[in-house]
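Consider the two complexes below, in which chain A is the common component and chain B and chain C are the respective partners.
Then we have the complex of A and B:
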């Protein structure tokens, strides 16, 4: 575990010394800031509706689907291609630790990105009445869904040896997960299958529950389990060189 | 220090290493030579636990630890300078080496001293705050070697350490490797056989995943002496005299082969024959234009040991 922590620290340092990370951060804040501004106009300044309008809209979903693949695309793919992974593994660190550390660094950066928007909410809170509970729960949801999307990115990065291929594959995984929501059109209200779709759908969790202030622990169980399973698969993919 | 017994490694149906057995004694510098795809890097990858050998492998011991039983402990006994050295360009030298020290289990209060020690060992202490992406190829290799030395592992594996270096850097790097002799057991893979000849105490030749030869310097030097040739050029007036010279050379006990073309003879023999040729020339009034020995190189020995005839004979 110690080694995983050291690797996590190094990965996070590497992310923050790279100009790409800062460019992503600035662009993310600008786009999401503009999105919140437009959403506020759409809800006529009602801050209670702003969380759902701002974080449940297309722009947020686009960010959710695109940002994790961009953060994780170099994690394993590039290192595998350059031989850096081999250099790393000869120190005796386990495959699972490498996967865990790389994911943790990517997810931490993802969390920091969303936290960049908190000052905007702080300013809004000073001029109006903000439901901090809803905001907190929504952020928890974004973090837990993002954890799974980052895990998808790590898996894609382990499966390929080119960063762009990794980003493309991770984006496909994330879109696949996102599209589960639209399976509901195949079922009628009251069908058991519809409950399953809702249980698995990120759009339902964020758009219909968390941004409305509904905190369902099953949401965290599902996304947490999915993240762990994906990370386990990633570690197995790394181990394939020994098969 | 490195003892490999019947090591086999397969990738699907292809056998990359086939019953490889060799040993590297403590403190020795051993050259591990072979053609591309012969199995050098695969052997290194097994020694670093990057790859797992086939189940029929008997034992792979590194620094006294059986790698098959305790791969983690074996890892800590090995330092590696890989052929493909990928350094994170965004980090500074000390940041990178500190990170590597932590991964290798160097205790927190010793890390700074350890980084300074290894940078001094590779003659690059002034690079401590330089960013890795601003280093020249020579210094990158030195930082790679410094990384391998972290934690003072008894065994060092150097895969093509002078690849991409200019002649001055190669000489400096060779001196560095020479300085490690005795304190560490080195296994050095290289295609530059002149370098192996200069630096190594032993050689191990691998071809098509099998060990073809394992010898110490004394034995291979003797072998090279036997393979050495003498070049003789005489001012010979007629064909009769030429055949007389050829006949006399063939009668000498040290000579194993004689080739004649015009007034030039190429003789496979010990170089001590030169004195006798000189005496004979005086007696017979031969006019010597040129007489020099052409020592055999490790390259010729390597070609002989990995050539098609040898492979056929061994199979």
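Then we have the complex of A and C:
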């Protein structure tokens, strides 16, 4: 556990000293800041609608799908390419700890990225009445869904030894999860299949529930269990080297 | 040695495959359990989507499945946008209710008519011939062959710029979507339909005609609320059938209205004594033959028509034969749930009622109205002193209920809208003794609106476009500098 914690700290530090991370942060704050500003104009300053417009729109989804692969692309793929992974493995740290530490570091950076937008909400809160409950729940949902997307990135990174290929693969995984939402057009209200599609759909969770202030425990169960499964698969992929 | 390694690898592979299958099975089991175990909570400050125990009880007690179809037109005007917002809010509430028991209340099927015209046609065929092309911007509930429809005006009170206040902003005054949606659910599954009879054959506007001077919108509105609406020829039948919950007498129409005979009056009296409801809508001139009955129950009609000064073009004020109900009795069951502020119900060619102690005046004009006895052209003489006039009155006759409305014109298609329609529906509800559609008190929406002044927009623009990205860039440069120094 201690080794995993040290590895997590090392990973987080390596993220923050990497120029890629800062470029991602600059781009993220620029694009999301612009998105929030334009959304605010579009909803004529209605702060409750702004949460849904700002975090449920296409720009946010693009960020949600693209950012985790960019953060995680180097996690295992780069180390694998440089041969550093073998060195790490012989230190006695388990595969699961390596995967967990790298995922936790990537996810922490992802959370920090979204928290970078909080000053903007602070400014809005100074001039109007913010629905803090809705904002809190929305962020919670973004973090939970982001956890699964980061786990996809770790799995993709474990499967390849090229960071760009890893990013591409992770992006495909994420888009696949994102596209589940559009299966709903095949079903009618009342169909059980439609309820399952909604259960699995991140767009439904964020757009229809979390940005409206509704917190459903099922969001945590689905995305939490999916994250665990993906991390488990990543650990098994790493374990392949030992055979 | 090599074969032993191969054996081990094979064994390991089998183990890994078994582990992965087991993990997938665990994921499946956990999620199937979670799928059927929904624990939801509303974190919004207004609690608009908070589901109470009563809500859960209501949805779980629905017999069979209720389907909901909402064709939306997404009109571009400010009025349309406000209506759409209210309808979307009601849809969201229905979705929340549907999450309680999806097999009892289906998720609403929303169709953007102006974008998905084909889908709208397919759905119309599915529910044909019940849904008409024009049934857009309404929430349609279907259960067991019955249909109930709600428009945005029933879900909320709006304030739109009008002739009197052309500069005022469009806004939602009171949002009742929760209460009205729940009432509609109760109504659509109700087994006992309200039986409504409308008098015909003495010059009243026809019930089913397509012409302008008809009662078709009134009939449609009552039917989609779970009522059976039939005509009754009082001049022939002279008595009201026992199963009638509500008798509506529209005493006016094209040409001369033939007053009722005393035998009809006795029949109506028996309907009241039997606990039925009677609503009388008065003709603009002459008598309807029921003056004696009304007088016995404390309601009499003054001679003349209500007139009031109204602004017309370019600030010119002109007297018109129009009684605008602005003040409601705050305590009567009909009017208490209605929005008391900004209530504006216009009645064309309205009579003025006089009410006695036992009777309640439901709706009053403003203080500027007067009783004009010269029916040629309204013009206030010095003798005609303006004062609030009674436009509607109600009284209980034993178990029965009597409501008198001062103008029949309100039920014609051109006037059947807005506050007038809501007020009359509330009167019908009360008189029939059925809770057809309780309007509910509703709530004023909590505003999270901020004023987008030029200064604020500028500061927010620079913060979002420059300050945050530059801060991130500065952080990156600082880290790079520190690393270089450390190296």
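Quick notes on this one:
Just so it is clear, the second predicted complex is superposed on the first by the 242 of 243 C-alpha atoms of A that agree within 3 Å, B and C clash if a C-alpha of one lies under 4 Å from a C-alpha of the other, contacts with A are read in each partner's own complex, and residues count from 1 in each chain.
The rule is simple: a contact is a pair of C-beta atoms (placed from the backbone, for glycine too) under 8 Å apart; a residue touches a chain by one contact, two chains touch by 3 or more.
Being a predicted model, the structure only gives us computed values, none of them experimental.
When the shared chain is aligned, chain B and chain C each come close enough to touch A:17. With both structures placed on the common chain, the touch criterion links A:164 to neither chain B nor chain C.
Once chain A of one complex is fitted onto chain A of the other, the partner contacts of A:79 are limited to chain B, with no touch recorded for chain C.
In the superposed model, A:89 makes contact with chain B only, not with chain C.
Once chain A of one complex is fitted onto chain A of the other, the partner contacts of A:118 are absent, as it touches neither chain B nor chain C. Chain A has more of its residues touched by C than by the other of chain B and chain C. Contacts of A:233 after superposition: chain C is touched, whereas chain B is not reached. Of the two partner chains, neither chain B nor chain C is touched by A:175.
Note: residues 17 of chain A belong to the chain B contact set and to the chain C contact set alike, using the contact criterion stated above. Remark: chain A residues 2-3, 6-7, 9-10, 13-14, 17-18, 79, 82-84, 86-93, 241-242 touch chain B in the complex.
Put simply, chain A touches chain C in their complex at residues 16-17, 19, 21-23, 25-30, 33-34, 36-37, 40-41, 44-49, 116-117, 119-120, 123-124, 127-134, 136-137, 188-190, 194-196, 199, 208, 212-218, 221-222, 225-226, 228-229, 232-233, 236, 239-240, 243. Interface of chain C with chain A (complex): residues 8-9, 12-13, 16, 19-20, 23-24, 26-27, 30-31, 34-35, 37-46, 49, 65, 67-68, 92, 95-96, 102-103, 106-109, 446-452, 456-457, 459-461, 463-465, 468-469, 471-473, 475-476, 479-480, 483. Chain B contributes residues 45, 48-52, 71-72, 75-76, 78, 80, 82-88, 90-91, 95, 99-100, 102-105, 147 to its touches with chain A in the complex.
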